[in-house]
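Going in written order, the chains are labelled A, B, C and D, and every chain counts its residues from 1.
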Amino acid sequence: MKVGSRLEILLRQGKFVATAELGPPKSADLELIKKKASILRGYADAVNITDNQTAIVRVSSIAAGKIALDEGLEPIIQMTCRDKNRLAMQGDVLGAYILGLKNLLCLSGDHQSFGNHPQAKNVYDLDSIQLVNMVRDMRDKKVFECGEEIKNTKKSEILEPRMFIGVAANPFGDPFEFRVVRLAKKIKAGADFVQTQCIFDLPKFKRYMEMVTDQGLHEKVSILAGVMPVKSFRVLQYMKNNVAGMSIPDELIRRMKAAEDPKAEGVKICVEFIQQVREIPGIHGVHIMAVEWEAIVPSIVQQAGLYPRPDVQ
Amino acid sequence: MDSQVKIGIFFCACGHIMNDYFDMKVLVDYAGRISGVSSVDENRFLCTRSGLDWLKTKISQSGCNRVVIVGCSPYLYEQTFMKVLEEVGLNRYFLAIANIREGCAWVCQEKENLMTRAKQILSSAVKRAGFAKPVEKVQKEINQSALVIGAGLTGIQMALELQQLGIRPILIEKKPQVSRKNPPFFIPTTQKINEREMFSSKIRELRDSEVELLTSTELKKVAGTVGSFQVILDTLGKEREVVVGSIIVSTGSESKVGGRFADLPNSRRIVSLSELKDMFDFERRTLERMLITADKRTKYACFVLGECEAYTKTNTIMALNEAIKLKEKFKAEVMILAKDISVSGIELEALYRQARERGVLFYRYAEESLPEISLEKGVITVSLTDPALHTDQAEKSRPVTIQSDLLILEDEIYPHEGTDLLRDALQVNLNEWGFFQEKNIHLKPNLSNKKGIFFAGSCQGERDIYETLNDVRSVAMGVYSYLSGKSLVLEKKVEINTDKCALCLTCLRSCPHKAIKVGDVGAGQKWGAQVIVEACQGCGICVGECPAKAIEMINYSDNQIFSELSFEG
Amino acid sequence: MIVAEQKEISEIINMVGDHNNILVVGCDTCVTVCLAGGAKEAAILSSALRLAYRVKGKEITVEATTIERQCEIEFVDALEPILKRKDLVISMGCGIGVQTIAERFPQLLVVPALNTKFLGLPEKQGVWVERCQACGQCVLDKTGGICPISRCSKSLLNGPCGGSQNGKCEISKDTDCGWHLIYERLKTLGRLESLEEIMPVKNWSTSRDGGPRKVIREDMCL
Amino acid sequence: MMDFTPHIVAFCCENSAYRAVDIAGAKQEGYPSNIQLCRLPCSGKLEINHILRAFEEGADGVFVFACHPDSCKFLKGNVRASKRIEHTASLLEKIGLEKERLRFFHLSELEWAAFLEAVRQGNESIKSLGPSPIKVR
């Protein structure tokens, strides 16, 4: 056991885990975080706390993560390379750890041109792979990126932050063949678990997973398949046209369009996907990305037969 | 302005015309007071022999070194006056023309503006002459040969005529052989000419001549300019370079069934006009089977025209010719359906009359009631409403239904395949229908936009046989006018100041004639852009583009252009 | 070369303000080549300024000249005789040119007519693209000759992010994904395996992040 | 609108418009005599600062006559001209001159009648704009 987080324990035990997402508010609204947390409590083994998601300013992921922790959730803190340099990142890792946060998802981050501050200067001091490597070295080698040991004074004890390290993987980005290589690189850099981009194109995902299992990568890392409930066909259409690195079959859009109750259909599709990805060799869980629709997560978890969630002994 | 410059001004009264419009005394007076002017003289008729002699003497006597002629349009006598300048030892570009006849006298409707405008034109011309710089001449050897592209009737005739004029022709043909089996697309205007026989005899003539014929050969690349084009030819993948003085495009055109009926199902009984023409020559039996049978029933042949466009001349000529032949050879009932029959052209009215006399029936249809064609179990049915056919005033025209044994549709005539590639290689223009575009349809119908490159025949669009042969004759004369001498004099109209050149390559990229090279300017000098005089056509686009103002067009310098922008007088 | 772009004329007019004896200085090097500030542009700008002020009913004197390289003190020296009585210099050089003139003539107000954009090349006539960010530590040997620092929107060093699709970057469908290009190039070169290596954290101190930079070649110093 | 006689400079390609103007002259049809001609070897030779200079010299309008699209003797000269003119027009507008003072026409060498029509109509449109605001007062 590297860290002993709830997420790590469940994965070690071979449980099929379910994680969800909690987007911090765009204002100093403490109650909203608490409300979202109470919805998810008991339905997700761990919850991603996004970091200025889509480059829009929100409550910091560590602060929101601490609230969520106090509300009884197991947070996965997201950290992007866009907004922080290596100093800020390492400081935040230390800070998050002493607040009791034990899971960290390392991301490149959406380019700032998408968000509400397109004129901002981006940082990208590190890329996500280098971030993984740095956080792993902090944990396992007990050193900062510069090589210095993590301790206060020469004589004092080393007290390193111990993070269970996650990465994202997009099986649908291009060049397709490189996607598995990139995953392997992330594992080599120190990733403990992987959450994939949300899956709409199951056949393509299966092809990707075959390449992953061929290389035995699923044995080195826990892979959680990303799924997303959508409220209408327009969301799918929007993502197809505007979100880079997405593969959305037209057939799915047609199905959503034809549905009498699109929301219910969206949930139904999501549940179907969960059941189908569960069958794919090498999948250790699902990550339910109900963006700004946290309230639907309990019902999805129940319908997918994933309720109740296991306790950690 | 250079203080060495002495401008001589010479007024031409154009007989008495100028005096009718201007107070010449005032103008002469005005001219004399413009700075830089050293002499002002008047003559009654500068363009006459005696006038020109007078001019020559006057220039020499006055000692002026720039000349301004005040008279008529530069399009009329500019070249003549330039020659005079050369004869007295001045550069031909030390000339400016103040066109106060076409540009002023005949323009100004308000009498009170006449003098002001004339003075304005005069002062601009003087300034322009003041800034004139000598244009250097470059002698260039001429290659007395010509490349003819396409060995159809036009190309062959072209090559033969050039040879007669003492210009060595190289005739290239894309197809593996030139034979009457692959007839070119051209149209005789009358029954008197059998174009296939004519073509055959031309092929024989070609074989007996010394014309160099290269089959299976295409043009790949062209460099250089009139007098010396370097052409890369490709014969079945093997490349070779030839140098020719001129290039003539005679690639012809192609045809296919066009218009609404292009998609009719395949049937031996539905043919295009040109297919019918071929059948007469090569598949007479098939026609006979269709149109002559034992049952003595009258056989019908029906032409439908006007599908591609309202009227195309070649289609009309072909239809009339073929209709007469069908009538004569097979005694068939022949009908021509058309929106309009117009027959302007040599002997065409007679051809139409002949067709009527032989009993060809003409039906007219209107734009709003196009003929319908159906094909069922091998039976062709054509139905139309002829607005001229009605029994009663009140009654609407009754539809006519024809069951036809042979249906002949119009050809769509389009540029030969590969025309686009040839355009790119030659750097010439195509017109809106994709045919080669003449420089000026009325004045210079066979010239391309590039000196030394000509078009002949139906590569320029529809041509009948007379027009084709006319093209050949006029192009042959055009080629001769360039290549009859031993050398060609080129002018270096554009100058690049390599000290100013930033080597940005803008001119190299934007020159439409690839007349710029960038490289070593000369021993010991720095790199710079240079003009390739032979290729330069003198458009000045490079001057317009150069960001360093390193390129100057010698007689369109900034100062000279500015001379024409100020308002005074 | 340095690629620059002319500022909006309205912005230049604002900078001119009440000055009325102005010298527009073009530069014969990079900005001539990128068609932003050569002799021709200098002539156009001075003419445009004269016109703009005349529209407002004011006559101003605007002269134009160009010098070989605005980034060399010796060439800038050549301006001295024509600077007399000038109350404003508009530099059509890159940012370096503006500063060199300002440094050489500290009493004089020098303003920029261009926005200096990047180090790049013309992709075709009239279109320039960035190729180098002058990071001070070239990695082109590892990336098949395609620069990830300048051509990846996020300057990533370990391959394309999740936003790469159909060879395009997530920021716009008109922008090539730099890493996709690198991938394709390395594939052509048969060197894809080099992408499996993790490229370590970059030392950005050689870039602007290390403060104003300086190159010293001791043996060449006089 | 006040009645005044505008100063107009017409840049003419000598392969098309300059010839058409000449024919118009020979036809003795008459056209506004305030149109001053400047002969160019091709409209592609026209530079932006020539246009600006004409305005500086007091022109109320500048007309540019080029060959028809796809009919340039030099293939692309008229295309280059039209792009430069578009650029110049936007520059004029930004410095406070109406962009309508700069006009671009296509003409072939035989279209003298079209030339007459263009200058008459162009002359009227410049008249309606009034004198150039930069005219030396």
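Convention: a residue touches a chain if its C-beta (ideal position, glycine included) is under 8 Å from a C-beta of that chain, and two chains touch if they have at least 3 such contacts.
Owing to the predicted nature of the structure, the values given are computational and were not obtained by experimental measurement.
Colleague: Show which chains lie in contact with chain B and also with chain D.
Modeller: The common neighbours are C.
Colleague: Which two chains are joined by the greatest number of C-beta pairs in contact?
Modeller: Per chain pair, the contact count peaks at B-D.
Colleague: If every chain is reduced to the average of its C-alpha atoms, which one ends up farthest from chain D?
Modeller: Farthest by centroid: A.
Colleague: What whole-Å value do you get for the distance between chain C and chain D if each is reduced to the mean of its CA atoms?
Modeller: That gives a centre separation of 36 Å.
Colleague: Roughly how far is chain A from chain C, centre to centre by C-alpha average, rounded to an integer in Å?
Modeller: 40
Colleague: How far is the middle of chain B from the middle of chain C, if each middle is the mean of its Cα atoms, in Å?
Modeller: Computed value for the inter-centroid distance: 48 Å.
Colleague: Using mean C-alpha positions as chain centres, tell me how far chain A is from chain D in Å, no decimals.
Modeller: The mean C-alpha positions of chain A and chain D differ by 65 Å.
Colleague: Pull out every residue in chain C that's touching 2 or more other chains.
Modeller: Counting only residues that touch two or more other chains, chain C contributes 40, 43.
Colleague: Using the touch definition from the top, which residues of chain D touch two or more other chains?
Modeller: Residues 47, 49, 53.
Colleague: Going by the contact rule already set, what residues in chain A reach two or more other chains?
Modeller: none
Colleague: Chain pairs that touch, all of them, please.
Modeller: A-C, B-C, B-D, C-D
Colleague: Using the touch definition up top, name the residues of chain C that touch chain A in the complex.
Modeller: Of all residues in chain C, those touching chain A are 153-172, 177, 180, 183-184, 192, 195-196, 198-202, 204.
Colleague: Within their complex, state which residues of chain C touch chain B.
Modeller: Touch list, chain C to chain B: 28-29, 32-35, 38-41, 43, 66, 125.
Colleague: Residue numbers of chain B touching chain D in their complex, please.
Modeller: 73, 75, 99, 101-104, 106-110, 113-114, 117, 120, 124, 427, 429-432, 437, 439-440, 442-443, 449, 510, 512-513, 537-541, 543-545, 553, 556, 558, 561-562, 564-567
Colleague: Hey, which residues of chain B end up touching chain C in the complex?
Modeller: Answer in residue numbers: 500, 502-504, 506, 509-510, 546-550.
Colleague: If you look only at chain D, which of its residues touch chain C in the complex?
Modeller: 47-49, 52-53, 55-56, 91-92, 94-97, 133-134, 137
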